[in-house]
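Going by the order they are written in, the chains are A, B, C and D; count residues from 1 in each one.
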Amino acid sequence: MTGAPLLEIENLRTYFYSRSKQVFIRAVDGVTLSIARGETLGVVGESGSGKSVTALSITGLVSAGPGVISGTIAFRADGVEHNLLPDLDQYVRLKARDGRIVEVSKDETGWRKAVERLMAPLRGKEIAMIFQSPKSALHPFARVGDQITEAIRLHTRAKGPGEAKERALHWLERVKIDSPRLRFDNHPYGLSGGMCQRAVIAMALASEPSLLIADEPTTGLDATIQSEIVGLLAELKAEFGIATLLISHDIRAISRLADNVAVMYGGTVVEHGPAPDVLAPRFAPKHPYTTALLASIPSVQNVRDKGYLTVVEGEVPDAVDLPRGCRFYARCNRVTDDIRDKCANHEPELREVMPGHHVRCWLCAE
Amino acid sequence: MNKRIVVVLSILAVVVGTPPVSPAGPKNDGRPDGGTLGYGEYGRPSTLDPITSNEMVSLRITELVFNGLVGIDEKQEIVPELAERWEASKDSRTYTFFLRKDVMWHPKEGEEAKPFTADDVVFTYKIMMHPKTTTPLKVRYEFIESVEKLGDYGVQFTLKRPILNALAKFSFKVIPKHGPSHPLYLTREDPFVRHPIGTGPFVVKTITTDREIVLVANENYFKGRPHINRFISKPFADQNIMTQALMFNAIDMVVLVNPRDIPELQGDKRFVLQPYNALSYAFFGYNVRSPLLADKRVRQAFAYAVNRQEVLDSFFNGQGTLVSGPFAPGSWAYNLDVRPLPFDPQKAVALLRQAGFAPGPDGTLQKDGKKLTLSLKVPIEKESEAVKRVVLAFQNYLKNIGVAIKVEFKEWQAWKESVFQEHDFDIIFASWVFDDSADISSLFHSAEIGAWKNNFGGYSNPEVDGLIVESKLTLDHEKRRTINRKLHTILAEEAPYTFLWTLTNYSGYHKKLRRVAIHPYKFFSFADEWFIPAADQK
Amino acid sequence: MTRYSQIAGEGRDASDLPVWRSADTLDLAYVGYGLLIVALVLVSYVLGVFNWLPHDPEQIRFDLLNAPPGSAGHLLGTDFLGRDILSRLIVAIQAYFLPGLVAIVISLVVGTTLGALAGYRGGEVEVLVTYVNNLVDSFPRLVLILLVIAAFKADIYYIMVIVGVTGVPVVASLVAGKIAFLRQKHFIEAALVLGLPSHVIVLKHILWYHCGPLLVIRATIGMGEAILIETSLSYLGFGVQEPMPSWGNMVQAGANYFFQGKFWPSTAPALAILLTILGFHLLGDGLNSILEDRGGK
Amino acid sequence: MKLAALRPVTLVLSRELALTALLLLGVSFVVFVILFLAPGDPFSVLLEGQMPSHEARAGVRDALGVPRTWYVQYVSWLGNLLRGNFGTSIRTGLPVFGEIVRVGLSTLYLTLGSMLVTLLIAVPIALHSSVRGATPLNRPFTLLAYLVSSLPVFWLGYVAIYLFSHKLGVFPLVSAASASADRAWLYSLLPICVLGIGNGTVSEVVRYLREELSRVMAEDYIRTARAKGASVWRHAFKEGLLIPMTEIIASKIPFILGGAVIVEQVFNWPGMGRMAWQAAQDRDFPAIMGIVMIAATLVRLGSLLQRVVYVAVNPRASKQRRGAGWAE
């Protein structure tokens, strides 16, 4: 079953419940994605478009309860298929008064237990994660080396602390940390952001996972370091070819690393296809949002074309109160009168407009 | 009420006596030796020697450890102790004591026991009077001019002036010359005050980390080895807990049971409640310097206004007797013909009217614009329920006749200063404890007015002064008796105090203790006679 | 997903409910209880002041010493002088009212001043304030009070001054901490940029807007502490003195009869203390979590 | 602890020691000032029972060799303190220092024991409610913690004695020394528990631990730990439990010592508290000075220990300037 993708996300919905407003915040609302072995899938979108929550949902790290997750996530590691979302609804009880849900009580304990039971064998071992702001992602009190060693001892057949340490050092070298033996004994506060991120990456790779989720790995680092890290990731990709879910709003990073790209907007995927096509400004058909997004990237290309940079006008829709129709409708500059009604009132499907290229827009309806 | 103002005076002595001298070694009275007695103390002793110590807890210990030249028995009679006999000169200015020759000091650890000699007596007196010595006793022995030893077993005291009942004063406890580390004076830094050695029936063995004082029988006590092997004094910080401790056999004896616990113990067959008559009475003392209280009718009115019997009955289970005058009841000087004033509010009001007081707008009496409002000062103590009850009851009674009393609680020290030094008070509630009920000169003689003198109320009355002096000068017992009865009558009528009652003290102890007799104000004087049947010694 | 979709769009009119509706019911219960207690305290204070009492709290009944509850119209029974316990409980509030206020005012005023200085000025001042705080914190409260009693006198106001002073560090660190937090959020810089004079910033924006609730909560807790301290001292004989009733000296007096199986004289005031202080605590806690919840979302 | 970690510890330790010394100096001065301003005269205690004349007092004064000017008094007193000589108790004439050390040990035993009890109660509640959030299980316990924190401790003591000694007869009512050895510990159990429960800090300990733990649980590095499948506890323990625990306990020592004063009275425990009370009554100034000093020292040592733990755990601590340590 090599053909089957490594990870298949089907119509994922992750809602948070806000007690103070007594409503659901629909962070992720019907995302469908899939990653094949060795593929790097880039996910782009403004902040608040639900990229990170998607990632966290996959690894069951969505913490802020009470919330609800539904849909299916199929993960196929070493020939076994895991459904990462067993039926969690049973742990949620809704109390509705005159149509509105006034209270959501959630059996946190049961919920967590279920998730943990499922995730225990996968997390870290099969699915590793890289986070943004690496400095805070590392344990402040523990030596960097030890943190990596821990991952190794947890998930690999490294025998004894000695060997584990060796492997840890080996990984530190792999991620191009200068004088790894020295760094091994450093505490996070002793390292620069870039080094921390390298260490985090080393920690993630050290357990030789089959899926790597990089959640905005370059955010919170200054520009030069960013490109360094991207470069590193590129090399590692070439070297190991680990399937990667790369989340970033840094289009350039995506374009450099991703095979396929999914564009998220308002908690759902609006466009999904091969990286070159999706990221090529003139490629058609294309979702207006993607166009706008690309147009807003500072790049020689853009400037030459227009002589100025455009911005995506308007704001990301409120996750609490999503429009009935197309989520981009309010900001869309390509609505034509004959489809305006549809745009306003009916949400378009994500349909395959070309082999392997999906767009969610009425323009591409026919 | 364990802190009291102690006035120490003395009584007429029968002149000469030569009692039988029982040999050292076991008492051959057929009663079993052995057993341990643990008794509870409220508070801890400051020091364990007779000179620097100043409260009841220490007093009890010193009574067990030391002896005086003479002793005073239950019947207030002078009995020989360290001195086997004595002589007074005709002019009663010199007293000669002939000491026992068979008395040994408790051995110091690692040393031979030394014999008791005249040197020790002289030493004790000298050290007592030394300016650097910290002791409450000095003032009591200023009447002695000199002391000299007549051989090893004779001491002669010369008095500055002949004073009445000098003999009883020689009951002061004698300490050994080789005891204190400093030869001239005794301060509380001296180790002796914590590890005293005496001649008494019990020897201080150890002080545990819990401040329990363990005393063991003195094998060669000159009156014969005491029956009980060990006395243990256990300090308590809470009287309720102390009573509980007695009831749950943590201790065997409480020397002075709190009145409120008496019913509980009475019901209990395991314990004996033994009354013993303390030579004391409680009173409200008035500051006659205050213009409001200068008029005796006011003071009398107060006496009429208070239903003392009711208070006694409901707060002290009637354990006591009302007193009508300045002498402790049971003393020969007490005049039984004078009846305690009855409870009679109308009379009280009438008296106040005569004194010129009329009810003001707010109900409180007043005289030419001046309200009849008085301050009643009371010392703060942790265990002060009885005091509170009496004082507040008093306040209540006087309110009923339109007198406003402001009750003020002050810490012990501050209270003493404002009462005895600054005389800044109208009324106090206190009680006198006598070791002789017949001499009240320091309480009411006008010469005793002044800072730190006992006539704190500033009461002065020539007639009373006269009578007091007269009674001091007459040596004829009957005459003195009539004089004192007269004094009693006058003071009862003058009411410088409102005389309240004398309480029956109860000691509660486990019934295994036998032949327990308790001295009115020295408590453990007869402890060497107590015993525990062999069966109960466990 | 239909299961959740029905409420999906209904955020519109549901947004921004008043605090009391959005808050967790139990927190509300806490606060409610706390407020009830506060109200009770105030009411009984008024009752005491105007002497609207079931009985004369001073009236001694020789025939009714330590009478059990309900006897002869004494709802909570009588004490060791046959005085009505209920009336005394009510009157006793007054024993705390002013002294407690003194303690609270001292700790709040001094505390906020120091805290604000430390947090706002920072640097040397902060170090100094820290030192002072640690210094005060070094004294066990009760022992210090005993010291002062030994030195001066067992006056409730003296004691409350100590309680107030020893309460300073907590307040100071609360305020300073808050300010430090605001600094992190560049709140103060922003204000400065707006050209606000610093006293306005400190007083109005920092203390009033951000520390207000904290301080209110501290005040209630401070009151509770005052009551407990007074109780302990009453046991030692140094508390509020008769004839003025205080819950402390009532418990103390009543406890003398505890072992004789007469519980009510001490239990009634003890419960009063318990419930009151509990009320103060819960009020503080409830408010805390509600306000946080608000701030959080 | 690895050698690398040791250096900062010693460094900070020395800094802390200096601060402690400075604080104790301050303490001593405060104490002295209070007592110096005091009206009345401690020496009258010596003459209790008699109505002392001023000359007599002066006599005592000279006898004890008390200098008259305040700074001489202070300096000499301080000098003595440093030499471990706290003067001699006016009441008992015993050297104060030795006396305090003797009773101090039993007080220390009492307080440490009760701290343990407090933690045994507070930690589970805090853990449960911080990890699980408020559940019907831990809510009542939290409430209970609040309840006991509002009890007058001496009354609690009476209740305890009534129940366990009076009614059930479980615990002996006598102090350790006179109880037979095997029951000695039993006797000490009751006061320790009463103080542990009734010292009024349980609720605060619960609250603080809960908040700290939930704060740490929300940290990024905990998420990282979960992401790599490591045990959350191992990662959260130091900052989430160890440090807050030491902090709160260190800061509560004064309260617990205060509670000890009462509990020692009730349970007849031969400790510093009783000595303090006695001294307060008798105006035994040297004694109470000494007690306050020792108590303050204990408090300081507590916080010193807390700092040591903090530094040992947090390698960064030695780098940061020691902030006010605001509880935030």
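One rule holds in what follows: a contact is a pair of C-beta atoms (placed from the backbone, for glycine too) under 8 Å apart; a residue touches a chain by one contact, two chains touch by 3 or more.
Bear in mind that the values here come from a model prediction, so they are computed numbers and not experimental data.
J.: Going by CA means, which chain is nearest the middle of everything shown?
T.: Located nearest the centre of all protein C-alpha atoms is chain D.
J.: Between chain pairs B-C and C-D, which one is joined by a greater number of C-beta pairs in contact?
T.: Top pair by contacting C-beta pairs is C-D.
J.: Using Cα averages as centroids, what's the distance between subunit A and subunit C in whole Å?
T.: The mean C-alpha positions of subunit A and subunit C differ by 49 Å.
J.: Rounded to a whole Å, what is the gap between the Cα centroids of subunit C and subunit D?
T.: 23
J.: Could you tell me the distance, in whole angstrom, between the mean C-alpha positions of subunit A and subunit D?
T.: 52
J.: Return the residues of subunit C touching two or more other chains; collapse runs of consecutive numbers into ranges.
T.: 24, 149, 235-236, 238, 255, 258-259 - these are the residues of subunit C that touch more than one other chain.
J.: Where does subunit B touch two or more other chains at once, residue-wise?
T.: Where subunit B meets two or more other chains at a single residue, that happens at 240, 244, 382, 411, 414.
J.: Sort out for me which residues of subunit B touch subunit D in the complex.
T.: Contact set of subunit B toward subunit D: 6, 38, 43-44, 46-47, 52, 54-55, 131-132, 134, 136-139, 185, 187-190, 193-194, 208-212, 232, 234-238, 240-241, 244-245, 248, 250-251, 382, 411-414, 416-417, 420-421, 451-454.
J.: Help me check something: in the complex, which residues belonging to subunit D touch subunit C?
T.: Touch residues, subunit D against subunit C: 19, 22-24, 26-27, 30-31, 34-35, 37-39, 134, 139, 146-147, 149-155, 158-159, 161-162, 166, 200, 203, 207, 251, 253-255, 257-259, 261-262, 265, 273, 276-277, 279-281, 283-285, 288-289, 291-292, 295-296, 299-300, 303, 324-328.
J.: Within their complex, state which residues of subunit B touch subunit C.
T.: Counting only subunit B, the residues touching subunit C are 240, 243-244, 260-261, 263-264, 310-311, 313-315, 380-385, 388-389, 391-393, 395-396, 399, 407-411, 414.
J.: In the complex, go through subunit A and note every residue touching subunit D.
T.: It comes out as residues 59, 61, 63, 108-109, 119-120, 122-125, 128-129, 131, 133, 136-142, 150-151, 154-155, 185, 187, 189, 200, 203-204, 207.
J.: Under the touch definition given earlier, write down the residues of subunit C that touch subunit B in their complex.
T.: 58-60, 62-63, 65, 80-81, 149, 153-154, 235-238, 241-243, 253, 255-260
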